[in-house]
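A quick write-up on the structure given underneath.
Residue numbering begins at 1 within each chain, and the chains themselves are lettered A, B, C, D and E in the order written.
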Amino acid sequence: MFLARVIGSVVSTKKDETMRGQKLLLLRPMLVDEAKPAQFRAGANTIVAVDTLGAGSGDLVLFCQGSSARQASGMKALPIDAAVVGLVDSVEVLGHRLA
Amino acid sequence: MFLARVIGSVVSTKKDETMRGQKLLLLRPMLVDEAKPAQFRAGANTIVAVDTLGAGSGDLVLFCQGSSARQASGMKALPIDAAVVGLVDSVEVLGHRLA
Amino acid sequence: MFLARVIGSVVSTKKDETMRGQKLLLLRPMLVDEAKPAQFRAGANTIVAVDTLGAGSGDLVLFCQGSSARQASGMKALPIDAAVVGLVDSVEVLGHRLA
Amino acid sequence: MFLARVIGSVVSTKKDETMRGQKLLLLRPMLVDEAKPAQFRAGANTIVAVDTLGAGSGDLVLFCQGSSARQASGMKALPIDAAVVGLVDSVEVLGHRLA
Amino acid sequence: MFLARVIGSVVSTKKDETMRGQKLLLLRPMLVDEAKPAQFRAGANTIVAVDTLGAGSGDLVLFCQGSSARQASGMKALPIDAAVVGLVDSVEVLGHRLA
């Protein structure tokens, strides 16, 4: 999984039938550089993930990708490859608290 | 999933038998840079995805990859690893509407 | 899937038993830059894919990766993660014909 | 799989129900450059993986990704795409012992 | 699949139970640049793969990744995402023999 910040949302009316009603969030991965372990670095790519946990803009979340995303609650037969699987309370890196 | 712009199409007559009749689109991923959240940035790689939703050149779409692409409508046993799963109506990023 | 040019071949005598007799091609992905949509750009990585469609050196092909490669004809239980799934007749990008 | 150093941990109270009680570690991949085979190089991305082997901060571990992570002990139906699968005793590269 | 050179080995005593006795090799992917098709270029990342074919240090091998690695002989339920699936006898690229 990767950590990510919720930066937006996507609306798609015409989509695969099984995806009706699913909430689509735009995520920016948050990484930690070796030289600066006390802060996050924004990843370059932005990913669209399905969310069923109620994440909102600005939240730090945990998301998983690939077939594992279909193991998230209610996602079994959906054509999705990314899902929010946790809202993050805190992250600790080498003694620093980043979130 | 990733957002992408439809930039072209691919014709392949001699292909895996199960893929007969499938429409193949060339997609360019569309990402959002942290410093410029009000516009898209074009991704470097171009991907071929199967489309059953009627996407056309210039459309902004949502596509999924890997085994999840085979969960799209009618794709169950096909040797495909990318499928268009939604036509995008709107994208909102940090208060900006990008599409 | 990605577009790729067949640039070579690989011979492996000692291999997983299920792979006996499989033809292994070396592929170079072919991408399209946003600023130059009228021509292909060669990708940096070279991939080994199984081919059952009769592709030859110099051919432009479509290949798929991951578990989907095992959906290609005759590949069900093979330890392969890339397969040629189509020989490409033509590619059209923003009004340009690239192949 | 990749080698990685455990650099931190993640706490998520609100998460997919199946993930309750799982320990989440933040990993930094450790790679070996061709020109410097006697030492590790830190990878740029940081990954969140589930751990059931008791890895702690600073440990060198082996982790796997994708659907294979769900083959780790007790992970069958979890929406996870990365798991620690081994604690590393030693790594030998071209005659050098790195760990 | 990718071509790779065996550059080392990994020992892990405490690991997922199903992996007991598996031999873990460190691999460096070998790629071919478009401008220099007569020689290999070393990839930047180093990968740990399970080997059951008897590959040794310096050998050129073929490895597969993801769920397909579990299709290799004896790997069915293991939490592994990379396996050596062939020892390479020869590689031919645009008329050059690289191995």
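Quick note on the criterion: a contact is a pair of C-beta atoms (placed from the backbone, for glycine too) under 8 Å apart; a residue touches a chain by one contact, two chains touch by 3 or more.
Predicted, not measured: the structure shown is a model, and the values here were computed from it.
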| item | value |
| --- | --- |
| Length of the shortest touching-chain route, chain C through to chain D | 2 |
| Centroid spacing, where centroids are CA-atom means, of chain B and chain D in whole angstrom | 31 |
| Chain D and chain E, separation of their C-alpha mean positions in angstrom | 19 |
| Multi-partner residues of chain E (at least 2 other chains) | 66-67, 69-70 |
| Chain order around the ring, beginning at chain A and proceeding next to chain B | A, B, C, E, D |
| For the chain E and chain C complex, residues of the former touching the latter | 1-3, 29, 31-34, 37, 43, 53-54, 62, 64-73, 75, 83, 85-94 |
| Chain D to chain A touching residues, read off their complex | 7-19, 24, 26, 28, 42, 44-49, 57, 66-67, 69-70, 77-82 |
